[in-house]
Amino acid sequence: MINKKVASVEAALSGVEDGMTLMLGGFGLSGIPENSISQLVKLNVKGLTCISNNAGVDGFGLGLLLHKRQIKKMVSSYVGENAEFERQMLSGELEVELIPQGTLAERCRAAQSGFPAFYTPAGYGTEVAEGKETREFNGKMYVLEHAFKADFAFVKAWKGDEAGNLIFKGTARNFNPNMCGAAKITVAEVEELLPVGSLDPNQIHIPGIFVHRIFQGSNYEKRIEQRTVRKK
Amino acid sequence: MINKKVASVEAALSGVEDGMTLMLGGFGLSGIPENSISQLVKLNVKGLTCISNNAGVDGFGLGLLLHKRQIKKMVSSYVGENAEFERQMLSGELEVELIPQGTLAERCRAAQSGFPAFYTPAGYGTEVAEGKETREFNGKMYVLEHAFKADFAFVKAWKGDEAGNLIFKGTARNFNPNMCGAAKITVAEVEELLPVGSLDPNQIHIPGIFVHRIFQGSNYEKRIEQRTVRKK
Amino acid sequence: MALDKNGIAKRIAKEVKNGYYVNLGIGIPTLVANFVREDIEVEFQSENGVLGMGPFPFEGEEDPDLINAGKQTITALPGASFFDSAMSFSMIRGQHVHLTILGAMEVAENGDIANWKIPGYMVKGMGGAMDLVASAENIIVAMTHTNKNGDSKLLKKCSLPLTGVGCVKKIVTDLAVLEVTPEGFKLLERAPGVSVETIKQATEGKLIIERDIPEMDI
Amino acid sequence: MALDKNGIAKRIAKEVKNGYYVNLGIGIPTLVANFVREDIEVEFQSENGVLGMGPFPFEGEEDPDLINAGKQTITALPGASFFDSAMSFSMIRGQHVHLTILGAMEVAENGDIANWKIPGYMVKGMGGAMDLVASAENIIVAMTHTNKNGDSKLLKKCSLPLTGVGCVKKIVTDLAVLEVTPEGFKLLERAPGVSVETIKQATEGKLIIERDIPEMDI
């Protein structure tokens, strides 16, 4: 067994530098790597390119990095929950690349899996396809999309073991598994870090080979964006 | 919940006809759809194209279909365990397309996922790439490979529920998940068919949406190809 | 009288057939789940990674690890499954999801749809909408027939950046049900009490009216 | 004296470093696992869907649902995981596996390898070998220096259909350890008691001999 455990969030993020490209898991505020984001704020690294489906909200998630102007560019599919984001984008301080959600997921998976490029129908005929190669297969048009290149991927899992194996929970899974191994270094934070042998090998969502550093996270806030209930 | 349960192997294979293209899960004899194969033998459908990593052995697995000359063409990565196979291939009775194992898996996954084509490095510079488009990305050469098109996919899982959700066991998983939803109709046979609600939604390997028919298998033989042991 | 949101959702619910896997967009489409007949088998998919989505949770039972694509807390029904984003879009792109219901700012008479961007004003992003409209075989748009200024949203040609081309099959608005045909918007049904003339006035794109147009049965 | 299979495996085991994920081919490569130092952390991957592969099971503990790529019954160590074939080749193609050790029928001085087909005679297929050699950054070939007829397997150019081009980095045979360089096969080590002259005789491709060639330390 190859041990991936690091003792602290500081050790987990060692090597993160200004100008790097980062992947961050999560959908909305669900399944985001809260501890890694806090540490990025503390490190105050600047000029970051962040690949993440969303950009957090004011005061939480990636909103914390936006507030400190650490992000140069966001690559996302949906960014509509954040006034500071909107201000920076409209003023031109922040560069934004919006791409279809399925394309975002698959560009991560392509990087994880060693595929340089693939053809997808999403965005054909729209501004998303401008400047990109398009091609017909079986009478339907597709756009050529490329694997992402990133320096660090930060993911959040429910359970993990010291070999780096990960299990996610509910819809907090989302982009997290697809980002594992999709960057030069993958850092996983987990709610529960267990000794090797604690997880059923049949139920592991992401084998440890895709994870380079794993650490026990703490103080998860797990904020709910749209609390919606019905009456009993 | 959409119920996918069918009462019998006969019902599960209804619609299978001469000349169809079939996908069959399994690696060697591990995780093969034993019941569906038996029924194919019984139906005596002919002129089949079979996409399967291996071609069984004499007298078991796809070897049973070969013996009855039901297969016109095999699409596989490794076929070396079967004397009847070799005889038919060398005599020209059987058409054989050999493709790299990772390409085989991904061509299934592409069909499942709606990707018409992708670039992979496997086979570049070899006869596998002959007649195929090749292309350089980042200084490395890749081959364009296409999604499979198949009529039926036959897979074998460990546990399943009536909604068609599947859980596989050990290395009997192999190609089975990648073939689900990769053909027009996917038929899953399971060792244990459970009522809906019996499986943890977090531990499902293949959601029922990829499975059209599911049935309780019986009399699994699970033959071992290379029994290898060490001494106590 | 023009339908309200629930009326539109109620009419669309009739398009949901037995055995369908359905993806519901944010807004009016979300309401459709409330009106689907209870005697048919239907499963709802949400692109953030759940199949077999159930109703909102009871108060106190919200789970931050269980949300829908609108970031609302939800529940999972028996038979549900969770999966990653790549697999979720395998379901969508691979056409395993049978019906997509989503909102729109504009639809053109050739089936083009625009619903993700108003240049210089609103730039929230397309989320999963571009994958959905490029992939789904059956796309129903749920929207009001005109915008807040009273301008038609059923156009000859979209003025806003497109989400997808030639993909919309059916439109249900507060005024009418329309089918997108090679010849233009074919009027199928009127909202109860709404005249054909009112629909004509509210439709900029080419409107095809054959025979008498029945009222919706909702 | 020329090494036997175990000798070749033992020498290759020294190439396995701490923290490596390793894929072992069928035959001699499988034996390498027996000789890896016990004080380093290594995990073995088998492309049929297991990471953290352990030794063969004790008699009576064989599980038909737990085999390696050679279809042999195996065990899984603590920390192991099972996965599907697409994910398995994600590990391989994505270069997450650090070292691939496989057999060969021929290797050319430019690093080409042939190991899957003898036209008209043996056509078993490439299995995962083409993916492995096209993807791995570090490929070691384990083979005898000559074939049964005494012909060299280290050639100027492969005569058999290729498995991959320019990919082999190192070769360990019963006679020698060689590195594939832009100039040809660079002789690094001799098997104990085997002379440079013997290796020269057995090598058809260009052999580079710089300085004294040490004996292997096994």
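Which chain is which? They are A, B, C and D, in the order written, and residues in each are numbered from 1.
In this text, contacts are C-beta pairs under 8 Å (C-beta built on N, C-alpha and C of every residue); 3 or more make two chains touch, one makes a residue touch a chain.
Quantities reported herein were computed from a predicted structural model and do not represent experimental measurements.
Undergrad: Counting C-beta pairs in contact, which comes out ahead: B-C or A-C?
TA: So, comparing the two chain pairs, more contacts are at A-C.
Undergrad: Would you identify the chain whose Cα-based centre sits farthest away from the centre of chain B?
TA: When every chain centre is compared against chain B, the largest gap points to C.
Undergrad: Approximately how many whole Å separate the CA-defined centres of chain C and chain D?
TA: The mean C-alpha positions of chain C and chain D differ by 56 Å.
Undergrad: Find the geometric centre of each of chain B and chain D from their Cα atoms only, then give the gap between the two centres in Å, rounded to an integer.
TA: So the centre of chain B lies 28 Å away from the centre of chain D.
Undergrad: Can you check how far apart chain B and chain C are, centre to centre, with Cα atoms defining each centre and the answer in Å?
TA: For chain B versus chain C, the centre distance works out to 36 Å.
Undergrad: Scan chain C for residues touching two or more other chains and write them down.
TA: Residues 50, 76, 82-83, 86, 89, 92-93, 135.
Undergrad: Show the residues in chain B shared as contacts by 2 or more other chains, in ascending order.
TA: 106, 109, 114-115, 120-121, 168-170, 202
Undergrad: Can the chain contact pattern be summarised as a line, a ring, a star, a complete graph, or none of these (other)?
TA: Looks like something else, not a line, ring, star or complete graph.
Undergrad: Following the definition at the start, I'd like every touching pair of chains, please.
TA: A-B, A-C, A-D, B-C, B-D
Undergrad: Would you mind writing out the residues of chain B in touch with chain D in their complex?
TA: The contact residues of chain B facing chain D are 27-31, 53, 76-81, 86, 89, 96, 98, 100-106, 108-109, 120-128, 158, 168-178, 205, 222-232.
Undergrad: Which bits of chain C are touching chain A when the two form their complex?
TA: Per the touch definition, chain C meets chain A at residues 46-50, 55-59, 61-74, 76, 82-86, 88-89, 92-93, 112, 117, 122-131, 134-135, 161-166.
Undergrad: Under the stated contact criterion, what part of chain B meets chain C in this complex?
TA: 1-3, 109, 111-115, 161-163, 165, 181, 196-197, 201-202, 204, 207-210
Undergrad: For chain B, which residues are in contact with chain A within the complex?
TA: Contact set of chain B toward chain A: 106, 114-121, 137-138, 140, 142, 146, 167-170, 202-203.
Undergrad: Looking at the complex, which residues from chain D come into contact with chain A?
TA: 19-21, 41-43, 45, 50-52, 76-83, 86-87, 89-97, 135
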